[in-house]
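We just call them A, B and C in the order they show up, numbering each chain from 1.
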Amino acid sequence: MARLELQGLSKSFGATPVLHGIDLVLADGEMVVIVGASGCGKSTLLRLVAGLEVPSTGRVLLDGADITHADPSRRDIAMVFQNYALYPHMSVFGNMAYGLKLRGLPKAEIARRVDEAAATLGLGALLGRKPRQLSGGQRQRVAMGRAIVREPKLFLFDEPLSNLDAKLRVQVRADIRKLQRRLGVTSLYVTHDQIEAMTLADRLVVMHQGRAAQIAAPVEVFERPVNTYVASFIGDPAMNFCPARLTSGGMAAALDAGGRVDFTDGRRDAPDGARLLIGIRPQHAVLAGEGIDLVVDLIEPLGSETLIHGHLTDGTAFAVRVAGSPGAVPDGAHLRVALPGEQVHVFDAASGDRLDPVG
Amino acid sequence: MRRGPDYLAHAVLTLGGAIFVLPIWIAFAAATQQAGAINRGDVSLLPRLSGLRTFVDVLGFGPAASGGTPIGHMLLVSFAMATAIALGKIAISALSAFAIVFFRFPGRKIAFWMILITLMLPVEVRIIPTYAVMSDFHLINSFTGLTMPLIASATATLLFRQVFLAIPDEMVEAAKLDGAGPMRFFIDMVLPVSAANLAALFVILFVYGWNQYLWPLLAVTNGHLVPIVLGIARMITTDQLTAWNLVMAATIWAILPPVAVVLLMQRWFVRGLTEADK
Amino acid sequence: MERRTLFPGWVLPAFLVAPQLAITILFFLFPAYKAFSESVRAANAFGLNTSFVGLENFAALLGSGSYRATVGRTLFYSAAVAALAMAGGLVLAVFSDREIRGRGFYRALLILPYAIAPAIASVIFAFLLQPEIGLLTHPLKLLGIDWNYALNGGQAFALVILIGAWKQVAYNFIFYLAGLQSIPRALIEAAALDGARGFYRFRTIVWPLLMPTTFFLIVVNVVYAAFDTFALIFALTGGGPGTATETLVVKVYRDGVINLDLGGSAAQSVILMALIVALTAIQFRYVGRRVST
């Protein structure tokens, strides 16, 4: 049970800055997922919290105590590594007991904790085996068991599912979520997979080039992405972006591809003619009798739905997701696509930031 | 790709095997025969069972060339020497390699190069001055003097360095998070993970230590600390009166431990050789 | 090559590396330095003091017919031992690589000589080739050879070459076998399908692929023959008869320990050091890292 605070954390490796002033607060028992593409700094952030790196500036506070420069083993933190990092020469029991042994816990207590964790994770029968005799999923669970027995204040997860095959990933993802809820341990989880992020998080931190682009609950990040990067990163298939100009005194947008979208939520405070990017998710675009012209490039039938890839008259790539199968649509066919005003997202073309209505 | 036995291969390998085994076999056979018969040129290829006692008797035999020290005693000296050298080299090299790989400290690179240079300084090129140093330290005719100059080993350090560099980063981090300090990590993680290399090295270094000739030749002038290899080498003469059966019996004793060690730990030993010389 | 994950501090590592450094400095670096300083000095007439004589000792050595003969002898010895040992090792490795029963047994036998001390090998061969009573002396006598290596320099030289090669075959065998086993089976099979068989296949496919191993072994064998054969030669003949089996390392010992010519012996040591440096440099630069199994 603990509250984690990150204050102004920055990290540079030599002359290369990797993190730029990250501020974040995790409430007790919260599972926060840090998501971003590779190189965005998310692993570095996690390692700062773990104590495996020292920040260039900023502080890390756990339950009010400043642990910024504390030794990793003294932070009351446990970590699950991407490659499990199991000790190859020790048994499963040995792996889970090692940290406790070094802390001088009595043998009986160690056995109790290990047995309990093993029971929770279904590892009871494997306690005597060595890591090389285990499957990927089993090793993953041992890695988690090693973290659980420590009964720490904070769990850290470093992309633990990326080495599992797709089916297993879904299964283990659910297990992790249930486990974390049950144990109620504050957790910081890093991944590049946005589906993992959306399903696991109480709150999401979308990282981009060393900065936290948006920190909010998954639904909020999905429905109100704070800039074009977040909008394109979260959501699969990715959001469409159409270049446009602000018109009608800030009440509508004129698309470069032709056509016009009226805003339903208010006026945008910017001069007419300002360059915009109108975002709309493929599942929100509507194939209708009227709307802008879409030239079909590729159809992807997915069974329960169909993904239609094409481009608009100005060359902008555009995708539409429709339920079921729309029947035969030849390549090069012209379709009409409507952009409902209540589903569009308005972004400033230059900065990429979300342009919200005033008032 | 072949059908039927490969006669050519068998022939070549049998011939090769014979070239390497026969001399040892003959030595063994000769040891069981009478000295007088041998000196008359009457050597049979077959060992005489009644002569097996020679192997026991020779242990008490003390050749004059080594001051009368019994063969048995020389064998013990060799054992102590080889074990001390092997263990000493392993211990020192492992610790040095650990320091060089897992820490950054001023002078680290210099220390590493100094150790590397020893590769180019075998005993043969520094005979006299090394002897002089030993003499100044009053180490002649001492067990320390016999073993210490042979304990620094660049090859072992290089091998350990390679092994230690390959230890995954995540394992180190997990151990750190579990609360392991550097020495704890060395004992609980590094050593067990390097176990196979340690075994291979031990074989190579034990044989190396056991087979030493030049250094004992210089470092030992009394009879007490003569290792078996040196002792037997001194028994070669073209004198008609040499008790060749005793010499051969002693020889068999002398090659037994290294041969046994190499044969028993063959797989590790071969791995160790082919990995160490990279 | 460096590690990313380290431990902090410098006191502990300093302690850990100290023992090896101490021994290295005391018994390797300092004596090497002394060899250098001795090599440019010579004892004066009464042998009581030494004075700086510059490169005189070196000049004397290089000008000495005896030293030059020793150099030549050592070169020939190295080449002969290396050639014999490598050829033997290669042939045995090739045949041992085939799918025959008892492979493991043959391999064990062939590795044996590695374990035998060079000096002991000399003892055994001395016994086998005793001038009067040696088991192998009989067939030689039958061939009309008057065998006595203690008296005949050429015979002694031939004998130490043989013993040197005998000992070293095992090492070459091990490495050639490893090299052969690292050649992907698919290559051999492709060659077989192309119609290459037997010696032709060996010459055009296998041998070129073994080149890295061969280069590596050449250097190792030459170093072995030049430096690691002291025990073998000295135990058998002491460098004799006369100087018939005196290689460079034997000469260093004889001149330094027996004849007490400190300056000359030191100069020889320095030359040997230069030789080893050159060979090691060649090994690291041109041979580089070995092809791994």
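Points to keep in mind about this one:
Here is the rule we use: contacts are C-beta pairs under 8 Å (C-beta built on N, C-alpha and C of every residue); 3 or more make two chains touch, one makes a residue touch a chain.
What you are looking at is a predicted structure, and each value in this text was computed from that prediction instead of being measured.
Path length between subunit A and subunit C in the chain contact graph, taken as the least number of steps between touching chains: 2. In this view the innermost chain, defined by its CA centroid being closest to the centroid of all protein CA atoms, is B. Two chain pairs, A-B and B-C, are weighed by contacting C-beta pairs, with B-C ahead.
Chain centre most remote from that of subunit B: A (centre = mean of CA atoms). Centre-to-centre spacing of subunit A and subunit C amounts to 62 Å, using the average Cα coordinate of each chain.
Note: centroid distance subunit A to subunit B, computed from Cα atoms, is 59 Å. Subunit B and subunit C, compared by their mean Cα positions, are separated by 16 Å.
The multi-chain contact residues of subunit B, meaning those touching 2 or more other chains, are 173, 176.
Multi-chain contact residues of subunit A, defined as those touching 2 or more other chains: 52. Counting partner chains per residue, subunit C has residues 5 touching two or more of them. Against subunit B, the residues of subunit A that register as touching in their complex are 50-52, 72-74, 77-79, 81-89, 98-99, 102-103, 146. Contacts from subunit C toward subunit B in the complex involve residues 1, 3-10, 12-14, 16-17, 19-21, 23-35, 38, 88, 91-92, 95-96, 98-102, 106-128, 130-133, 135, 138, 148, 150, 166, 169-171, 174-175, 178, 192, 216, 220, 227-228, 230-231, 234-236, 249, 252-253, 256-257, 262, 265-266, 269, 272-273, 276-277, 280, 289-290, 292-293. Remark: subunit B residues 168, 170-171, 173-180, 184, 188-189, 192-193, 195 touch subunit A in the complex. On the subunit B side of its complex with subunit C, the touching residues are 1-2, 5-6, 8-10, 12-14, 16-17, 19-21, 23-24, 26-27, 30, 38-41, 43, 92-93, 95-96, 98-106, 108, 111, 114-115, 117-122, 124-134, 148-149, 151-152, 157, 164-165, 169, 172-173, 176, 181-183, 185, 207, 210-214, 217-218, 229-230, 232-233, 235-236, 238, 240, 244, 247-248, 251, 254-255, 258-259, 261-263, 266, 269-270, 273-274, 277-278.
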